[in-house]
Amino acid sequence: MSALFEIPGVIEGRALGLLLVVAIFVIVYYYLKSGKIPYVRRVAGLDAIEEAVGRSAEMGKPVMSTIGIDGFNYWTLSALTILEHVSRDCVKKGVRILVPTGGGDSSYIVRPVAEEIVKDAYTIEGNPEDYRPEDLPFLSGQQYAYTGGVVGILQRAKPGACIMVGGHHSEAMNIAETAVLVGAITITSGTYVSNVAVLACASDYILIGEESPAAGAYLSKDPAQRASIRCQDIYKGISIALIIVGTVVLTLGSDFFIQLLSS
Amino acid sequence: MSLLKSFNSYDSRIVYLLLFLIVTIPLLSPMGLPISVSPSTVTYYDVIDALGPDDLVLVVLDTEFSGYMEIQSGIIASMRVMVERDAKMCVAVSHPEATGIPELVFAAIRETVEEHGYTYGEDYVILGYVFPNEAAVASAAQDWQGVIHKDFYGQSTEGTFLDQIHDWSDWTLISDYTTGIQSGSLINHFGLRGTPMIVNCIGVMISTQMPYLSTGIYQALLQSMRGGAELEYLTGHPGPGMTAMDAFTLGHYMLIVLIIIGNIGYFGTKENSRRNVE
Amino acid sequence: MKSRELSLIAMFLSFLVVFVPYFIDVPALDTFSTKLITITAITVSFTLLLAIHSQFKRGFDFVRRKPRGWIFKVYMMITIVLMLLFALGGLETGSYHWAMYAIITPLSSVNYGILAFYLASTCARAFKARNTKSILLILTGFIMLLYQAPFTGAFFDLGPIGIYLANTFGLAAGRMFLISVTVGAMVFGIRILLGQEPGVLGIRSEE
Amino acid sequence: MIDPVEFSIMVVGCFLSMCMFSTLYGKSSPLYALAEESYIGFATGLTIVMNLMYIYNTGVVGIQGGDWILIFGFILGIATLLRINPKYSYLSRLPIAITLGAQLGLSLRTQIYTGFIDQIKASIIPLFEGSAKTLIYNWTTFICVIFMLSFFLYTIEIKGPIKLSAKIGEYLMYASFGAIFAQTFMGRLGLFVGSIQNFTVPPWKKPILIACMAIVLVALIALDKLNLLEKLTPEE
């Protein structure tokens, strides 16, 4: 397919890609510098999380909350924000919170941040002396050693709710199945499509794909997180518009948009 | 009614035991149930069938060993075809565990290799773990001679057909066998630039890989163990895939039966409990 | 303060060196960019050696505390050392070869194979026609399972509908996730480049 | 005659595999721990060996061949390792920054095509041309992509037509999840079938498989009855 336009000096067929990357740079920069805090809607999953913590409080059972096994990426960041929300809610309602970490080579960088968040929750919402470091075990940097550890904790502690967000991979299924079997309300999120599909079947409530970063952004006061969701929406909007208009124009007999996208 | 109740909820260890037996028994004594061939496998076969002696194929074993157990039939069957067509083959690996795979594959196709006088160095080279991360894939795509110096056995690759390779454009085909470790990097740095690619992926990755097939980066996609078995059938060399198909079929049927039983139990007990309330 | 800015500048420069020559034809920069990518590949390989540190640190921690079953950790550390020693004897034969095929390969496949059991029990438990969503789920799942069993094709041809489901619904979901995750990852990458995510560089936010 | 080395590979591999399957019994057990620690230990060893080989084959051999600039790979690599020591961890920041920048460059320059532009291009398809089959395919894909994407908009109020569109998107997504669940099961089943098949071909392996299954099952039940399962399993 021939290109619709070219930029002098830019390799043929790569102009649009360059423009789109530069544009996204500008948009992100704009939102970060302008100090505007964009609106983010509340996703239904957050109600499910609060309800699950509430039910655990009624039953006098602990809550397990995981943040994934990845290093710092945007799934992990949103998981940390959700953890902040969950841990404060738990401390307020007097529920013990279990936060196992580990599972990947870079997960140990995230661990101190998670620790800090839970400690802060006790300081802000309750008594800092109630904080128990043994409730935040680091279960090795190996994926399946971590999984075995989490499954063991689930079997022994029998929590009332298991909130599993962040970057989880194939181990998510083991954890979700065990959580359901021990009677926990299971709320999960998946980062890739086949994982989401199986977790949608296995758990009581699922945050589908980007719902968990959106939930994190909703809870967060950090303008950067909200700005990212805003930028993502702009690009998703562009893609929807291009697909619809492109299809209509193609149906009318012109391949203008295909040429544009090949530029 | 207690039967219906037990249909609705039962110890999942029963499911585990059933699945274990249903898979193990037909593997211990195969039944030879017939299979059918899907169009995607035919497309895949057409691509490798068209290879010739002048073609240079980069075979990437992009999998942990676990993935190999699922797609070994596809790997063995397609590499056999490549040997039969006398295409030059370079085997690269993107996971430490996969370094054990080439030995098993070449043992499985030893007769074909001997029959065609397919020789190491001249016709094929095994590179070992050369794609540990995306940067490694990218540098191999841009400057092959600057990165690849030795094969898996520590011998220099100089003097082999790899001397003809300078960058991505020198490959006729990239044949990726993947659980998704570096498939994205191969797409980014080879496929996107225009190197033809085919892929054989594990079942879990089908939905993730499908968009690349529809955009034309992949010429064909062979699905999971089933695709491998169909390829064995097409090439006329029954292997691990076809012998596993009995267990494969029964495993699927077991799930179907479980869904039916579960719904009978669900609706049976639902009716029952409603009546009790009234 | 200084160290942080230096890191950010270095990151941005190396980003530009790799990014720019892909779009703009500058042969000298292109050569340098290729070298930088190779250097990155080598550097990243070094970080994987951190695995040995994290395993031993945790292992020794167990030995010091001596909780129940600490002897398993001692065994684990010995196996790491054994594998390194085995490799010195050559990769094609002998003990390295034995460990590869007797331990690593079978356990790797069982490790993931176990997931089939969890999927089966999920299916038995969750595939019940409770509401519209689950009815849709069961319907497509049921047809796909039937289609995927290779024996089914010998009786009646579910091919057209199975392929239809995979190539339309399955493809659309895959594509939608891909677009959405790509944009998400790009925005996150730009945030890192703009110095908004110091944690990624190992810098604490108060610095 | 069975090769003794191959025989020992089969016996050890099969026994440890069955130990790993013991996790399905639903209780933690020393048998599982044995298999798990064996795998972690040997696999970590393998990762280290293979990475050292890569560093040697690409770096050392490259430098010997006159590509001296690759020495920076070693300097940066060793500096990265310093992050394990809190006193010198600041020295690891620069190499991390440089490699991170290069990696971001690699992904940003290509993802915009593979994950965005190309996907949009592939979604622009004719809706009134081609055979009946093509039309059904095209219409379904078009509708699915549009509605599903609208489910993922978060910074606008969800009401009116967008609410309806997002709702339809959610339903379509569940329909696709059924199909994807089946594909995922196919994959995991394939892994399981493959791992058992490893122990059934050639036929001399079959009795060993049955024996290992029996031994592990009996040991598991015996340990459970004697209340030893928990006592012998390592703590996390």
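Assorted remarks:
A, B, C and D label the chains in the order they appear, each numbered from 1.
Convention: contacts are C-beta pairs under 8 Å (C-beta built on N, C-alpha and C of every residue); 3 or more make two chains touch, one makes a residue touch a chain.
These numbers come from a predicted model, not from an experiment.
The interface holding more C-beta pairs in contact, when A-C is weighed against B-C, is B-C. Chain centres here are C-alpha means, and the one lying farthest from chain B is A. Between the CA-based centres of chain B and chain D the separation comes to 14 Å, rounded to the whole angstrom.
Computed centre separation for the pair chain A/chain B is 30 angstrom, with centres defined by C-alpha atoms. Among the residues of chain D, those touching two or more other chains are numbered 21, 23-24, 26, 39-40, 43-44, 46-47, 49, 51, 54, 58, 62, 67, 99, 102-103, 106-114, 116, 119-123, 145, 149, 152, 170, 173-174, 176-178, 180-181, 183-189, 191-192, 194-196, 198. Listed for chain A are residues 17, 21, 140, 142, 144, 170, 177, 181, 192-194, 196-198, 200-201, 209-210, 235-236, 239, each touching two or more other chains. Within chain C, contacts with two or more other chains are made by residues 19, 22-23, 35, 37-38, 40-41, 44-45, 47-48, 50-51, 55, 100-101, 104-105, 108-117, 119-121, 123, 125, 127, 137-138, 141-142, 145, 148, 166-167, 170-171, 173-175, 177-181, 183, 185-186, 190, 200, 202. Chain contact summary for the complex, chain D toward chain C: residues 5, 8-10, 12-14, 16-17, 20-21, 23-24, 30, 33-35, 37-49, 51-52, 54-55, 58-59, 62, 67, 69-70, 72-74, 76-78, 80-81, 83-84, 89-90, 92-112, 114-116, 119-120, 122-123, 136-137, 140-141, 144-145, 148-149, 152, 170-186, 188-189, 191-192, 194-196, 198-199, 231-235. If you check the complex, the residues on chain B that touch chain C are 9, 12, 15-16, 19-20, 33-36, 38-40, 64-69, 97, 99-100, 103, 132-133, 135-136, 138-139, 142-143, 146-147, 152-153, 206-211, 214, 226, 229-230, 245, 248-249, 251-256, 258-259, 261-263, 266-267. Within the complex, the chain B residues that touch chain D are 13, 16, 19-20, 23-24, 27-28, 66-72, 96-97, 99, 128-130, 132, 134-136, 138, 146-150, 184, 187-189, 191-192, 202-207, 211-212, 214-217, 223-226, 240, 243-244, 247-248, 251-252, 255. On the side of chain B, the complex with chain A involves touching residues 12, 204-208. Here chain A touches chain D in the complex through residues 16-17, 20-21, 38-41, 43, 137, 139-140, 142, 144-145, 148-149, 151-153, 155, 181, 193-194, 196-198, 200-201, 208-211, 214, 217-218, 226, 229-230, 233, 235-237, 239-240, 242-244, 246-247, 250-251, 257-258, 261-262, going by the rule given at the top.
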